[in-house]
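Chain nomenclature is as follows: A, B, C, D and E, assigned in order of appearance, with residue numbering initiated at 1 for each chain independently.
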Amino acid sequence: MALYSNNYVLVAIFIGLGIILPIAALTLGRLLRPNKPTAEKQTTYESGNDPVGESHVRFNIRYYLFALMFVIFDVETVFLYPWAVAYDFLGLFALVEMLIFVSLLVVGLIYAWKKKVLQWSSI
Amino acid sequence: MSEPILPYLTLGAILFCVGLYGALTKKNAVIVLLSIELMLNSVNLNFVAFSKYGVAPSFQGQIFSLFNMTVAAAEVAIGIAILITLYRNKGTSNVDDMNELRK
Amino acid sequence: MFGSWPILSTILFSPLLGIIALLLIPKHNGRALKTTAIVATLIPLVLAALLYTDFQHDTADMQYKENANWIKVPLNKEIGDDLSSLKEFFYEFNYTLAIDGLSLPLVFLTALVTAMAAFASVHVKKRWKAFYIWFLLLEIGMFGVFMARDLFLFFLFFELTLIPMFFLIGIWGYMDRERAANKFLIYNGIGSAAMILAFFIIVNTAGFTMQTVGDATSFYYSGSLDVITKNLFADQASLIHAGPEMFPDNPFYLSETMKWTLFIMLLIAFGIKLPIFPFHTWMLKVHTEAHPAVVMIHSGILLKMGAYGLLTFGIMLFPVQAHTAAFAIAILGVINILYGAILALRQTDFKLILAYSSISHMGIVLLGLAAFNEIGLKGAIFQLVSHGLISALFFLLVGSLYERTETTEVRKLGGLSASLPFICGFLMLGGMASLGLPLLSGFISEFMAFLGLFETMPIVTVIGVLGIIFTAVYVLRGVMKISYGPLPEAYKGLRDARLVEAVPMITLTAFIVLIGIYPAVLSEPLQQTVSSIDEWIHNIVKMGG
Amino acid sequence: MMLSLLAEQLTWANFGIMFAVAVLFLLLILGYVTYAIYFERKVIGWMQMRHGPTRTGPLGLLQTVADVLKLLLKEDTIPKKADRELFILAPAITFVPAFAVLATFPFTKTWQFADLNVGLLYYAALSSISTIGIVLGGWASNNKYSLLGGMRSAAQMISYEIPLVMSMVGVILMTGSLNMRKIVEAQGNWFWEWNFLPQIIGFAVFIVAAISELNRTPFDLPEAESELVAGYHVEYSGFRFAFFMLAEYVYTFAIAALTTVLFLGGWHAPFPFLDFVPGILWFLIKMSFCVFFMFWLRATLPRVRIDQLMGIGWKVLLPLALANIFITAIVKEILR
Amino acid sequence: MDQLQRLTAGDLVHLAPELTLVISAIVLSLLDLFMPRSFNRTVLGWLALVSVGISAVFVLGDISALNRIDDATGLVLPTEPVSLLGGSWRVDDYANLFKLLFLGGTALILFMSIGNVKEDEIPHKGEFYYLFLPATIGAMVMASSGDLITLFVGLELLSITSYVLVGMRKKSFSSNEAAFKYVVMGGISSAVILYGMSFLYGMSGSTNLAEINRALSANYAAFEPLIYVSFFLLLAGFGFKIAAAPFHMWAPDVYQGSPTPVTAYLAVVSKAAGFAITFRVLYSVFGLGGLISQQIHTDAFTATMVVAAAAMIFGNFIALRQKNMKRLLAYSGIANAGYLLVPIGTQFGMVHFSNFSEMFFYLIAYLFMNIGAIAVYMIVSDSSKSEDISAFAGLYYRAPATAVAMVVLILSLAGLPVTGGFFGKLYIMLGTLQLQHYWLAAIMIGTSVISFYYYFSIIRQMFLRSGEVEAEIKSSPTAQITVWICVAATLLTGFFPHVVLRYIETIFSVPIDLFIS
């Protein structure tokens, strides 16, 4: 266990390789591929028509609502994981506590549900 | 204090200051919220570092940082929610445009 | 006469009857409201008169003492482990009333001037109900100030005069009334601040008493003047005398420096009210802007509260300091006299002339106090009463004049004795009393004050007497200009004083004359108190020096 | 082999070996991707009564190789209006975590790269980073289709991340560890002792959520070609495009491996008497089945609508996942 | 794993006040969700009020359980406080008194808002009512915590809920803006507090307040600079929460933008909760044990006094220039935070151990006078649709009784006799004088005098001016009753302060209830 950090060396190697590969491949590609840009090539694709208006449009508000829901629920798993790992030591009391905790979350879910946050009305 | 902790604390302090600076000076509301998150995360770094290399290592620091994360998430969720209503009403997320009050 | 009947409380709260009665009367019925209010102020006046006659003249003790437990705040007892025998530890502020020869005349003066002011307020034109309610509340506050024998209680009543006065100035005053009310509030607020700070430093040091009954010890802080005086002067075992060499970090020790600080703070606190020279501006504003009936009370009584407080708390609690500072106080007095007089000379508004004259006259009180002998002290008190009566009379007249002419500008007035012989007659009489004509109250008081000071500081006295000459000039000039000379067209056919105006004029004048002719009426009840104070101060000073 | 290396003091030599093995693995993965694509086309072709690629090489085996070479040689245009830096960065951001998550999988008892205590957490944490790459790519292209694609991808990812993560809690409860090796070891030698049976709800939720996380049919809304042309990678061409594809297929590998580890008993044989077959083979078989299953689904199911997609995630999977957690916990408590 | 502390059913009794609120908050939110749209949400307000009442009954039960009266002597026998979950949750008189205060304040605010929430301003009326409950739970957790983690969670529960409450007027830009500013400032202050806490934890390896103090006392020499750093960070963070200058910037904007009942909530309950933790943390970490004899101790409490002085001076001076009533109240709140910090900063002395009752009494007085004043403001601003002080013009003619009530409340705010506010300030000042911090007492009194000016400007408006409208003001009975309750309480605490103080002193004991051990 003393050399546990070796595991992370390996992880670092993986991440490093993950970075090296795109760099290497793209550099190699640059040497091989042709590069003859024209104005037409570089226009934004809109089914063959000339692009209309600005593309950085305003997003539907739904996206944000879901993002908020995600933040809340995802972070709660922070408590679920340690609890699950240590569940064998904790026993019934922790189960009840977690039940309370999660039922609060469920109330939140019901709230969102009733308030029609989960209803996706448009694209 | 044992040696290995110093870099962590230094990094924490730097992040904290960067966050504080950002939160106080930035114009874009989202960046302000991000800066606050940065501050909170620098604190987490401190806690985790202390819980491993502190004078009296203990697991409480890690627990604390877990709580911090959730709290930070809740806080930023509220922040964004308010920002959305703000944006709906006035169509801006620039902090400088928030000058309705004090008039 | 009163037996065990709590006469002081009865007087103190008798205006409440009036307030309750007023509350029941509909607010548009001005006549009923005014009548009720006048009757309501007569009740305490009658009671005060009875009190005056009943008062024992042959003792300097506090009389009609009433004491009721009120606030007893427990403090946390966990003060160290070695005090396991500690049973109780608390702050005690009691409802303690009593009067001596010093406060008796002032209580009576309050009742008198308030009643007269109630008469004078028939000129008030709006919102009578609220006016009289505030008016009567103010009376309660003033009574309380002169009766309270507990620092806390005194402070409460002192502040209680503040709020009604604010409204009385602010609502029923003239054009610039709001500024006047604000100025009044802030200046007096600062005075109260200095006072409360000084008072509670005293409570926290000199008010601390340790009492052991059996094996149970109790500590307490008290606001009672008796306790504080006892700790300061009688009980040498009290912790306030234990300096750092005996008891390091003694929280109760009252060092010389601290005593000086406290004395100066009290001087400032009461000096603002008095007013002493640099703190007087607010008072000018009030005199010119407030309704004359209100100014009657203000000039007649409220200013006296300053002098009374200075004597009872400043000088009596810190006699050594006061005695040492006697010269400075005298100088302040002289500055007041001269400053007031000189500026009064330059004024053309009769109200301002009277305001500056008040400053000048209050300077004489300071001189009397600074003399530190019996005659001087007596003179100061005489001056308080006398000036109270005279200035009340003056403002009563001013109110009546203004009612008719709608101006107090001396230059615009003239020859009024033709159309208003009655009012102008009293104006003349007031002027005479004010400049100290013998056989009127002004003479006897100024004479005693100067005489007292002459014994100790002859040169200062001589300079002060200069002020009297100025007084003669400005008072006479003002009064003459108003009464004689050509009568402007506009003022022809004015109606002379009505009965409701004449009654207070006559009453006040009667008292002025009474004191002037027969000063014993005032000096008899005063005598024992004054001489015991004087003796006592000199004993303390001798011991301290 | 790796495990013994990990137990030793880190030297340059050891590092070199580790690096070499990792490179080897990378090449293997690239090979896998190449043939997974081939396999997918073939499978779908058969299912649709077609042949799939046949021309290039024997049985069309070289088809994907040719595709890769084509992409490598193809001109790489970056639209003028695009945000250049982000446009270039996005594919890399998508790819790096895809490869990095592979570091912790235990392929057999001995064959594992990094033996992390928090292996599962590591996977969950890293895998969500890829979405950032997709959103960035969609945004940086400055194209309406790609932006929509990117946003959809984000919405989908965040909606299914939660059921995914929560469905794994059941497994963690069973094992009491986040270490993937321990999770496999905790599953018995008989196939009914594997987690997929006791954790059947969790398993179902996991599969649905995992496929959605992969943005694969029937949940491939971000690149729904009939609506958004090609979704977030409309503007990408050449090898940059290839990296998006690469990431997607590496993830199929990762998810399949994860399913195997969590629910299908990892290297265990379904019956103890089949133990003679090497563990790595079992692992590969199970994993291949998972991969095949995904291709199968693609050929079978139509794409869902976005409101259905979100509905399933929040209103069905999340409650189910939560229920699963408590059913597991309560049953454990009763059996204790 | 034996550090793990389990709860028993008996322990749940001590959690009952909080649990009541938790359950009712959940039930109310579900009710709100499933009630038909046409149903009037006001009933939720009443239900919330009832639950607050039940919770208060539980707290009272706790108090009587902790302070049994000896049958023989009739004296109160304080028992050791209940400590749950490894010392992270403390049920002691300190906490219970604070809880009563929070519940009382919340009840008054709920009561005053019932019938005064306008649907067109606050679309989610039901939420508006029941969101006060979690906020109050947060405050109660803060009061009861003996551990940094619990404390922080409580703090955030209160803060986050208040962010939402502030932004409740969804369609009003100023409300949104206030909420956002509050989030940002609150977030920064949370981070600052946490950063300070992280050092405390680092130096001691524990998050328990008592253990931190023990560890710091044992080796303060090694950590001296870090102790200072953590103290100042905490002071700054707490300063934010209680809106003491120079950390007050958020308060005026937020008070102005919030719905009026929420302004009252922030000004009273939220602030009181801030004081609950400030007092507890400063005393149990920096005010005890081996640190007491150190320079650190002196410096820490001197710094607190300086902050108190700054708050009094800033608050009162800036308030002079305010035209908007809510901003005025905000600055007055800043000044009051200064007054309340004084008993914390003065520390214990040779004969002085009454810091808690000083602070607490003033909090009580502050609660009533502030809620009362805000209720009057609500009545006035509802009828005139203006937030300025000038809305009060001629109130005496339009609603004489209310105007008179306001006079009492303002006298109390200004610290004039005979009101709770007067005695509260006086009592704090007496403590300061006992410890001979004369400069602080002088600042206290001096700034109070300055405050006369702006407080009386309201009186001037009401009595000396006449407004544009002469019509009589119609106000809801709940608001009226709130005003009169507050006036009565203000006068009673002014005339009979000793009754309240005796109660506090009887059940509260410094060594048993304050020192976490």
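By definition in this document, contacts are C-beta pairs under 8 Å (C-beta built on N, C-alpha and C of every residue); 3 or more make two chains touch, one makes a residue touch a chain.
In this text the structure is predicted, and so the values were computed from the model without any measurement.
Taken together, subunit C and subunit D share no touching chain. Between subunit A and subunit D, the least number of touch steps comes to 1.
Set against one another, B-E and A-E show the most C-beta pairs in contact at B-E. Of all the chains shown, the one with its CA centroid nearest the global CA centroid is E. Work out the mean CA point of subunit C and of subunit E, and you get 42 Å between them. In this assembly, the C-alpha centroid of subunit A lies 80 Å from the C-alpha centroid of subunit C. Once the centre of each chain is set as its mean CA position, subunit B and subunit D turn out to be 32 Å apart. Not a single residue position of subunit C touches two or more of the other chains.
Among the residues of subunit A, those touching two or more other chains are numbered 67, 74, 86. The set of subunit B residues that touch two or more partner chains comprises 74, 76.
Contacts between chains, counted with the stated touch criterion, involve the pairs A-B, A-D, A-E, B-E, C-E. On the subunit A side of its complex with subunit E, the touching residues are 86, 89-90, 93, 103-104, 107, 110-111, 114-115. Contact residues on subunit B toward subunit E in their complex (touch as defined above): 1, 5, 12, 16, 19-20, 23-24, 29, 32-33, 36, 39-40, 42-43, 46-47, 49-51, 54-58, 60-61, 63-64, 67-68, 71, 74-76, 78-79, 82-83, 85-86, 89-90, 98, 100-102. Of all residues in subunit B, only 66, 69-70, 73-74, 76-77, 80-81, 84, 88 touch subunit A in the complex they form.
In the complex of the two chains, the subunit A residues touching subunit B come out as 61, 64, 67-68, 71-72, 74-76, 78-79, 82. Residue ranges of subunit E in contact with subunit A, taken from their complex: 1, 4, 6-7, 26, 29-30, 33-34.
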